[in-house]
Structure formats: C-alpha cells, structure tokens
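Dropping the structure in here first, questions after.
Naming follows writing order (A, B, C, D and E), and every chain is counted from residue 1.
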Amino acid sequence: MKVSKTVKAILAQYESDNPGTKANLARMLSTGKLAGTGKMVILPVDQGFEHGPARSFAPNPAAYDPHYHFQLAIDAGLNAYASTLGMLEAGADTFAGQIPTILKMNSSNSWATTKDQSVTASVDDAIRLGCAAVGFTIYPCSDQALDLFEEFTMIAEEAKAKGLAVVLWSYPRGGELSKAGETAMDVCAYSAHLAASLGAHVIKVKLPSEHLEQPEARKAYEAGKIDISTQAKRVAHVMQSSFNGRRLVVFSGGATKGTDSVYQDARDIYAGGGSGFIIGRNTFQRPREEAIAMLSNIIDIFKGKA
Amino acid sequence: MKVSKTVKAILAQYESDNPGTKANLARMLSTGKLAGTGKMVILPVDQGFEHGPARSFAPNPAAYDPHYHFQLAIDAGLNAYASTLGMLEAGADTFAGQIPTILKMNSSNSWATTKDQSVTASVDDAIRLGCAAVGFTIYPCSDQALDLFEEFTMIAEEAKAKGLAVVLWSYPRGGELSKAGETAMDVCAYSAHLAASLGAHVIKVKLPSEHLEQPEARKAYEAGKIDISTQAKRVAHVMQSSFNGRRLVVFSGGATKGTDSVYQDARDIYAGGGSGFIIGRNTFQRPREEAIAMLSNIIDIFKGKA
Amino acid sequence: MKVSKTVKAILAQYESDNPGTKANLARMLSTGKLAGTGKMVILPVDQGFEHGPARSFAPNPAAYDPHYHFQLAIDAGLNAYASTLGMLEAGADTFAGQIPTILKMNSSNSWATTKDQSVTASVDDAIRLGCAAVGFTIYPCSDQALDLFEEFTMIAEEAKAKGLAVVLWSYPRGGELSKAGETAMDVCAYSAHLAASLGAHVIKVKLPSEHLEQPEARKAYEAGKIDISTQAKRVAHVMQSSFNGRRLVVFSGGATKGTDSVYQDARDIYAGGGSGFIIGRNTFQRPREEAIAMLSNIIDIFKGKA
Amino acid sequence: MKVSKTVKAILAQYESDNPGTKANLARMLSTGKLAGTGKMVILPVDQGFEHGPARSFAPNPAAYDPHYHFQLAIDAGLNAYASTLGMLEAGADTFAGQIPTILKMNSSNSWATTKDQSVTASVDDAIRLGCAAVGFTIYPCSDQALDLFEEFTMIAEEAKAKGLAVVLWSYPRGGELSKAGETAMDVCAYSAHLAASLGAHVIKVKLPSEHLEQPEARKAYEAGKIDISTQAKRVAHVMQSSFNGRRLVVFSGGATKGTDSVYQDARDIYAGGGSGFIIGRNTFQRPREEAIAMLSNIIDIFKGKA
Amino acid sequence: MKVSKTVKAILAQYESDNPGTKANLARMLSTGKLAGTGKMVILPVDQGFEHGPARSFAPNPAAYDPHYHFQLAIDAGLNAYASTLGMLEAGADTFAGQIPTILKMNSSNSWATTKDQSVTASVDDAIRLGCAAVGFTIYPCSDQALDLFEEFTMIAEEAKAKGLAVVLWSYPRGGELSKAGETAMDVCAYSAHLAASLGAHVIKVKLPSEHLEQPEARKAYEAGKIDISTQAKRVAHVMQSSFNGRRLVVFSGGATKGTDSVYQDARDIYAGGGSGFIIGRNTFQRPREEAIAMLSNIIDIFKGKA
C-alpha cells in the first residue's frame, strides 16, 4: 500500500496516535479510486437496523444480502464500508482484506422511545473482524447527550489503544432543538467541534443549512461576519470548526434524492474543502449499475475532474 | 458425528465464527431425526418460569419433572432442548451428551410490571452445563429495548468467544406497538433483521400475520410489491429479511391449539424455506405418546415427506 | 461425618454441582438430631435487622447476645443456623465447626420505602466465616423482582463455583399482589418453582393457604383437579412444583403462635413430604428450656415419631 | 504498645477479624490518656465539609488549619482523630504515627437535595495515609438507606481484608421518620443493632431521648418492661442492642452546648457502660486551652475519677 | 528545571503525595515567567466545547486552530495550558515538553438539560499525552453534586497514584442556589473548602462578591467579624478556607471585560495572597499581540512589579 504525500500530511495532524491507528487511517485514505487524494467516499449501511429492512432494501431487493454492500463498495472503488456487527460478520471472511470496514458500535431504531442509542458491538468485535475503524453516534442536544459522550469516550480510548481509527457521527437532535435546528449552521459547526474535542479522527455531520438556531451563536456569526451564504462556504466553516481543518470531516446529504442534487452536494463539499462524502440510501436503493455510475461521477468530482 | 453437505453449506454462512461455535451449530443441526437436513425442531420449556407451574404443567403432571422434557426431546428425535438454568441443572448429568441444550439466559414472569427481562444465568453457566448454545430474549419495541440489546451484545460476544452458538428470541412488544402489531408482517421481518444485525446465529420469531403496523413500512411493502398473501410467503419474506437466508430462523406458533393447525404451520414454514419449528406447550401439555406422535409428523413435514 | 443412603439419594438430585457444594449440602443434612433422615430444622435469626432488636429480643433478653442463637441451635440438635453477617461474625470463632451456618446475603428493614433488599454480605464473607451456605431473599411480585433475580443469579453462580450451597427465601410481595395472595396456593407454588428455576439448592417458602390469587392459575387448578384441600396436600403440591421433589424445600409458619399450632404445621409438612421447618421467632422468643423442648417435639415429628 | 487485659478482652469479641484489624483496634484503644481502659474519646472533624468552613471554624479561626486538629487530639490525649480525605492528607506526614486516624469515607453537605452521601475516599486511600480505621455514615430510614448499606458492605469487606477497623456512624433520618424520631430510644437502639449486624467494629450513635417512635416497638418496650427512664439506662440499652455489649459504641452529644451538659453526657455514657465519646464542635469551636481542659475532665470521667 | 525555595515550601504542604505528583506540581510552578515565585497564570480553553466554536473563536479566528493556544501560552510565559482531550491531542507532539498541560476530564455544553458534566477523558489519556495534571469540574449545589464528588474521588485517586497533579474547578450552581449565590462569599469559600477536603492539589474558584447566600453562614460571618469588604480581603478569606493557605487556589474573573478590570482582579488576587489567575476568553478572544501584552502586565502584577 502506497501512502501519498497528501495522506502523509493528513496523518501528521494526528499527533497523539499510535502507528496502528495511523496505519488504519492510511488504509482508508489509500483504498479505492480516491486513494492518495486525501478525499473519501464511504458507504454506510445501518438503515436496516434504524428503519427496518423493507424501508431500506425493498426498493432494490438484492440489497437484502449483506454481501451486496461489500461488493458494491469494492466495485465502486470506495474508501470504506461501514455497517453493524451482524452485517459485517456475514461477509467478514469472503471480503477479508478487500476493503476497509468500519464497525458501527451503537445504533437506534425506529421504535426507540428516547433519543438514545444502544451499544451493539465492542471494540474487540472490531478487532476480530479486521476492521479499520469503529463508528459511533452521538446526539449532542438530547437528554442522553452527556451519557453518549461518556460511552464514546470509553470506546474511543480503547479503540485508540488497540490501533483502530475512530469515526464519530455527530447528529444534533432532541432536547430543546427545533427540527430546523438539526441542520442549522451553528449547530452543525458546534457538533463538528464537539466531535473533534471528544477526540474523533473522522467526523461525520450533515450538510448544514443557512439557518442559525442559537440566539447567542447568531450574534457571534454576525459580529464575526462569517460568510455562510453558500453551501460550499458552510462546508468550509465546518472544516474551520473542526480544529481549523486538522480533522477529516465527511458529509451526508440525507434521504434519497435525484442525482443532480447529489452531485451538487459533492461539488460543494469539494469546493469547501470537505474531506468527503458518506452516502448510503442514495446508492444501495438504486439498481446496482446505476449506483456504480453515480458513485463514479461523485469520485470524479472529488478528484476535481467534474 | 457426521456433518452433511447441507449443514456444511449452512456453517459456511457463519463467516466470522470460530470452530467452537461452528461445532456447536453443527451439533444442533446433526442431532435427531432431522440430522443433516438443515432443518430443526427445538423443544423450549421456560413456561414454568414465565407463567407458573400450574398453568404450564398441570395439564400433564409428568411434566413437573425436569427429566421429562429432556427425555421427550430425545425420544422424539428433536435437534435441541432449551430451558432455564435450574431446569437444565436438574438433568445435566443424567442426560449429558444425549441432546444439545440451549440455556435460556434471561426470563420474565407473569408478575413483571415492566416489559423487561431478568438475566438469570451466565455464559459460564452454559459452559459448565455443556450447552451447545445460549438463548436470549429481546423485546424490540419496549422502553427497555435499547438496554436489552446491550445486554444481548455483551452476552453474545462472550458466548462467541467461548465457542457457543447464540439463539435470539426476538419478540416485539411494548412501547407504542398495538397487540396486532406484535405479529404484524413488517414488525416480524424487522425483528428478525434486528436479531441478525445484532449478530445472532439462530433467530426465533413468531409466525407473522398479514397485518402491516408501521405506515412507512406499509408504503415500502406496497411500492416493492412484496407478496405476503400466504403464510408460506410471509415465512419466505422473514428469511429474506434475515440476511437473505444467511441465518437460521425458527418459528413458533404460539399458544396450545389443535394438531391440524400445528401441522399447517409446519408445512408453511417448510414451504417458505424456514429453518424449523420451536414448539413447547403444544407438546409437553399433551400426553407423552400423543406429543411424540405429533412431533413425528412434524419431523416428516420438515423432511418433505408429509 | 457419615452420609446416609437417604442423604446420598438427595445429593444425587443435584446433578450439576461440584463436590464442594455437595459436601456442604451433606453437612447440613448430616448434622443434629435429624442427621441422615433427609429432613431439616433450621434456625433463622435476621429479625433484629428486619424488625429491630426490641421487637425481636425483648421477649427473651438473653437473645440479644449473638452467642445465644448458636448455642440454641446446637443444643436443640438443629441442622443449621442462618443469620446476618454481623451476627455470624460475633460467634464465628467460638462455635467454629459446631454447626453449619447460612450467611443471609441480603436484608431489608422495617423502614424500607420500597419492596427491595440490600445486599449486606459477599460470597467471600461466607467463605471466610466457614459457612455451609449462603441465603438470599427474592420478592417475586415486586417492582424490584427482576433486579433481585439478577442479584441472586450472580451470587448463586459465585457461591456454587466456590463450593457453597445456596438457600433461596422466595417471598411473594409487592406489585399487584393482594395481602391474601402472599400466601396463596398458586403464588406459593409459583414462587417455589421460580426458586428452583433460578438454581437454588434449598427453597424456603411460607406454608400456603387454600386461596388462589391468579385467575388463569385458578383455571389450571380446577382443570387439573389439583387437590389443595388440606395443608399437607398443599405442601405436597409445593414439592411437586419444586421440580417434582428434586429440590429441598423448607417451610416457615410465620409470626409467633401457640405450640400446638406449630406442631400441626410440622406434622403437615412431614405428611406432605416437605423437607423441613425453618423456625425463628417461635423459638428464640420463648425461654430457652421451653424452646428446646418444643424443638425436640418438632424433631420427633420429622423423625416420624410424633 | 502495651495491650491491657481489658483491651485484650474487647479484642476477643471480634471473633472473625484478622490480626491486622485487631492490631488497629488495639492501636485506638491503647493510645492517649485512656489507653488500656477500654474507653475512647475521639475527635471528628468533618463539619467543614458538612456545614461549610465559616459555620465550623469562624468561632475559633485557628481551626481553619488542618494541623490544628491533629495537634489538639494529640495534646488532649485522645484515642483517635477522624476526618475527611483532604484534611488527613494535609497532616499525614507531619503527624505520622502520632495518633490513630479514621478516614471518613463518605460525606454529605448542607446543599444536598437528598438524604444521601457521597463516597469521597477509598479504602486504599486509608491504607496509603496510614489510617487505623475507615469511617462511614448510613441514614437507616432514608430512601437511600438500602443503597448506603450496600456501599458500606463493600467498603467494610475490603477494609477488613486489608487489616483496617471499621467505624459506622448510624444516623437515622429521612423516609417517614419524625424529627423527634431521629433521637428516639427505639430508633437509636435499632440503628445500633443495624450497624452491628452490618459488621461494624465501632458504632457511633447519638445519645437517645426517652421518645419511642415506632408503635410496634413501643409495645415491645412496654411488654419487656425495658427501663429507659434515665440517659444512663438508655445508654445501657443501646449497648445491649449492640450484640449485648460485644461491640464498641461511642456516643455523640450533638450541637455546641455548655460544659456542664457535656460532662453530664459523659457521666451518663460511662454509667451506662458505653465505650466512649465522640466530640467535635464542642471542642474545636472553643479556644484551644479551654478545649483541652474540657477534654481532660471528660477523660477523667471515663477513668471513673470524676 | 530549578525548583526555588518558595516552590519547595509549597510542595512541602502536599504531605501525602508521591514524588511523581510533587514533580508535576513543581513543573507547573517552575515554568514560564512566574517560575519559582509560587504564583501561576494558567490558560484554559474549553469554551469551544462549553459554548460552541463561533461564540468562542469567531472574535479571533486564529483561535480555531488548537496550535494557537499552545503557542499563546508558551509565548506569554504562562505556567500551564488546560484543555479538552481533542484539543490537547491536536498539539501533543508539536508542543511536547514545551509547556505543562492540564487535561480537562469532564465537560458540559450549552445544550445540557441538567447541571451535570460528562467525563470525556481518562487518567490514562492524561498519561499518554504527557500532561502534568488532570482537571475536573464539580457543581457543589446541583442535584448531581454527590455524584460529581464520587466521580472526582475516583479520578483523583487514580491520578495521584499515577503521579499527576489534580486541579479542581469548584463551581457552585443548581439546586436551590440563587444566581447571586453562585459568586457569594460564603458559597465561594465553602466551595474552595469542599475542593480541598476532596483532596484537590490546585483549586479553581471564581472571584467572590460581598453577597452572603446562606442565612446560617451569614450569622457565622457576623459573629466571627470576618472582614469581606474588599475583593482582596475576600481572596484572603478563600485562601483561609482552603486549609489556611495550604492549597494552591487560582481565581477566574468570568466573561470578557476591559483590561483595567482584569488588572484590578489580578492585583486583588495578589494582595489577598491568592496563588494566581486562570484566564481564558479574556486572552484568546483578543488579537494575539494584545493578549500577550495584557498577560505580560498580569504577570508583572503577580511578580509584585505592577
């Protein structure tokens, strides 16, 4: 595995990590069609757990099979594949070594009666499955936020000690947050900063809107004359809020939508200096060839070719 | 113990498991009259704990004796016998090695004031009793669901590390679920998928009805033109939802009923590609000879002979 | 210590236990005037903790001294003495080896604001005090029942691994149970079955009344034509519910009452095949000579001589 | 260090303790002006934590300095000095070996919103600070009582295993207890018995009033014709309730008051056979010379000379 | 590193600490322009976590970069830099050995729905990052106070055993405390005493106002004729309440304000014998050169030169 200068520069930002963790970050950054560019496209598949199999896989029944997703990520030339314990176990041997995997360590589901998550795997599970990283979700505004931070802290410490990379999904929701606030600029930047402060290597947030949720933050944005008028500028501000770009941040675009809209998101992330795209339902709910074509275009965008 | 080609093909689906766990799955699949067929009939006896001894055993008082159930499972040629700690301890020596046992690790009872379970055994108890597997129950929709998932996660990790198989009873109840929802098609398929995602080797669900509980799932079923018009087709859809058939799924039929109804259930499971039947009260509450005759017919159905 | 054939037959029912635990069961069954008969009379003294010292010991002030109870149990020829940590510590050296002791591991008190217990000793405390067994109380119907089961499960596993016997006080109370339900036939039989299912070696329940509490259980009793018309038959039904007599079950009679009533209880337990009597306040609240005389009569009853 | 016959007789009552714990009990009983008498006067200083520094130390500002209390206890010839972690750490080296210390393991403060305590030290802290004992507070009637018992149980087991003595402050409060009930005769005797039952070596209670709180206890006192008409007789009854005098019990007199009243308390404790006095605010809130003179008189009372 | 006589005298007050902890206290006291004086100025940066990045860093965007703060603390000649896990990880290698760091072990954020904190790092994290100390925040009056004390107790014990110093932010809030009470004289002195009693090496409190919150404390202040009429005298009283000056206490001035006001605070702390200043937003929200000039003046004040 060749590690490019760009990747080496990124690794150098992870000043406190051991060689095992750096090697796993390097694996993700040096795999697939974006290898060496410092950019990443990741396939996440935990929607079956979160929303149920019919809502997730009925549009493209081949996706009921866990092998489908491994193969899709490999064939599309992605950087990594993230999923739940059972989904990764089901292909761990067949696809061993073919693509870096991220074990989602906690999950919720559509029946949950609180804004909370259940820890459904261990760091040692990630080790025995040969994963490059563990993934974890926090809900920064929920009543359970402080507990989720503590769970993450313990898992991240163990993962780092065992040479894994740590990916943190930072999804504001719950508490007194409005629905619009879940994608508000200030809330998104704060969520990314929290993830960086908690010690995540790779941060996952949603693309932010122009909305500002917190009155005191609004004042700071106005006083600081922070330009958030375009999606690309909002991405750039998220990167700034993530230790001035010292941390990898990948963005998601949310629910299924048209390809043009997806491409525009990718272009804005690229233009704003974001580290990449994490895209699930928009790929595996399309027919395979269509999904691969779309991912090919996205990759070209992140290569600066489209 | 001979391991058939069919069983070997099933074991190959468990890609991440160690030889100990595979050997225990093989033990269950290679025992009794269905040995080698890939099908299973399992006797579960935790009704004394769940509903009390009189409601469970008074119809057939011989069943008050824990030895009765071991012997029934052996004489009927079943694949495995599942029960609570005390019940297994009471026959552990007499029947050692005669039939694979599954230690039910958690239980509730008819006095419980929450939709929760109590962990009433340890993985090491299963080891010292020579069990082939541990069994666990989750209530996917209850307020305690996220906690139950976490308990299962810890137990399953330990059981797998110690070479045991893991059977997961996935019983939706509680929260906002309606009574009809407990056996709804979408809920049952989701519950099976959750069990697979949590890393279960063998999944236990109830036979689903045609009812669809969740509005958003209903849309997916209609859009996907998923045929759930017959019980056999519903079984097939549960198998699809269980990693496209990569996981063993056994079905239960619920409360005591007539033999014809039981046989029809068995035929539908078989026709739908289900892995087998788990049947308790319908056997041990009948006189022994009658139960054995009925189980013999069920086994013939799963052999494709009836 | 001679182990009689009767005791050997009882030990053989404990199929999963190690020689250490069997030896401690044998110690209790082979001590005192009932040694070798398979019957037991046990002195329990935790009333000072549960109800306070004045209510417990003022009627017979000699009983304020922990040594009094050791000596009473020894002089009366009982099988074992059960008490709290502090009470056993206070005589551990003076009476070392003179009588098997049971360390009560949890206790409540008359001020408790929930139907719960506090774990007030450890299994290692029992080991260092040379106890033959640990004792534990569950409240099967209370809101804390599932938690109490889990605490017992952990303690029982450790105790068995360390070669101790496990005595389980199964006292239904709390939740939706009526006062009459606390001694109802169905509830008592269920409680005994729960204790057996949880893996107890010796079960302690109250003598049941003819009352049936649970409507569904009532149907089962009527359908099964279970005869519970006399106290002896009710004892026999509790034994049946305790793994068809495979587990030792000792009965208590409750609050202080006249000797005739106590003797009748003992005769009914004996006639119903119960394993013995556990009798506290009715002994230590009487003058010592009177208590010893009464216990002598009770022992004669359990020898079949009275 | 010479151990008197009286002290040896006391140590012999601690039948289950290891030589380390007995040596530490002996250290406390063989230090100061009461060495060898079997009586103890202890200085406790946790009022700064419980009520704040101004209310505690402003009356005698020299007492703001942790060294002041060590020196006071030494110069007055007391048996032991009890305080919080920080207070003991602050003099641990200067006064090493000069006086036995008791580490208060839990504390509350005047802002607490529940009748609970916080565990603010560990047994290993006591070991590294060279303490003779650990101290712990329970609130027998509070909603947190069962939890406090469990915390004490774990700490006491560890302390005993590590050769420390265990002092238990048993302070009834909370729940349904009336204010008068906090010092009621029945409640105090019950609290002392609870402490003994929980395995404490030294019990600390308040001097009881003649009030009887619990109706059922009142009956027992009347039926038993227990004489509680004088403070000395009430002390004697507390000793009786503490395993018939087999446990050391020290009494406190509460808030600051006149010296005559303090001396009368001391005389009553001595007359009733109590083990000693634990006296804080009444000493360190007075000028040093005055406090030492008062303590000298108290010590004379416990020598039977005043 | 030279350790001055003044610093040696301070270290001697930490009687119970091991050489590792003393060396780390010495590192902080012997670094920067105040090295050897016994005074400290510390830069804390956890406002991004607590209030969000825009409110914290937008006024001076260079401060979005974690390296900025390390460099500011070094260039200004401060004693130590305190921050969260992620912030310290981001500069751990670049600035290794250049300035003592304090790992903030717990944090809250502006969305928290309770007066609680989340433990977001471990003592071992501090060790692997080469920190001199761990930092922790308690909210003495909140409903979570007793739990926070317990968390601190466990962390402090581990940190001391591993040779780290322990800094405790003692911030009264929540419960029945009024807003004015959060900086009341009595409350501040009590909070400092609590921190000392809990075993902190360095205590961080806010500068107190003349307000007295607790009626009983007010009486003690009046009876004791404690002079709290000037800020310097209030600082002196906090030092007195911190074991009569045996513990290092650093003060903060709160939100951003004018430099004159900051200098006056510094002069009052110095005049009252306080150990130093902890100053965050007032420095990093100003342009770098302005901040360094201001810190230079503050340092001169603590040298007694301004």
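One rule holds in what follows: a residue touches a chain if its C-beta (ideal position, glycine included) is under 8 Å from a C-beta of that chain, and two chains touch if they have at least 3 such contacts.
Bear in mind the structure is a predicted one, so any value in this text is a computation, not a measurement.
In summary, no chain was found to touch both chain C and chain D.
Chain A and chain E touch with mostly distinct residues; of the residue numbers seen at this interface, under half occur in both copies.
Separating the centre of chain B from that of chain E, both taken as means of CA atoms, is a distance of 58 Å. The distance from the centre of chain A to the centre of chain B, each centre being the mean of the chain's C-alpha atoms, comes to 36 Å. Contact with two or more other chains is made by no residue of chain A. Interface residues of chain C, counted against chain B in their complex, comprise 13-17, 140-141, 143, 145-147, 149-150, 153-154, 157, 172, 175-177, 186, 189-190, 193-194, 196-200, 214, 216-217, 220-221, 223-224, 226, 240-241, 243-244, 246-247. Chain A meets chain B in the complex at residues 48-49, 51-55, 58-59, 61, 64-66, 84-94, 107-114, 116-122, 124-125, 128-129.
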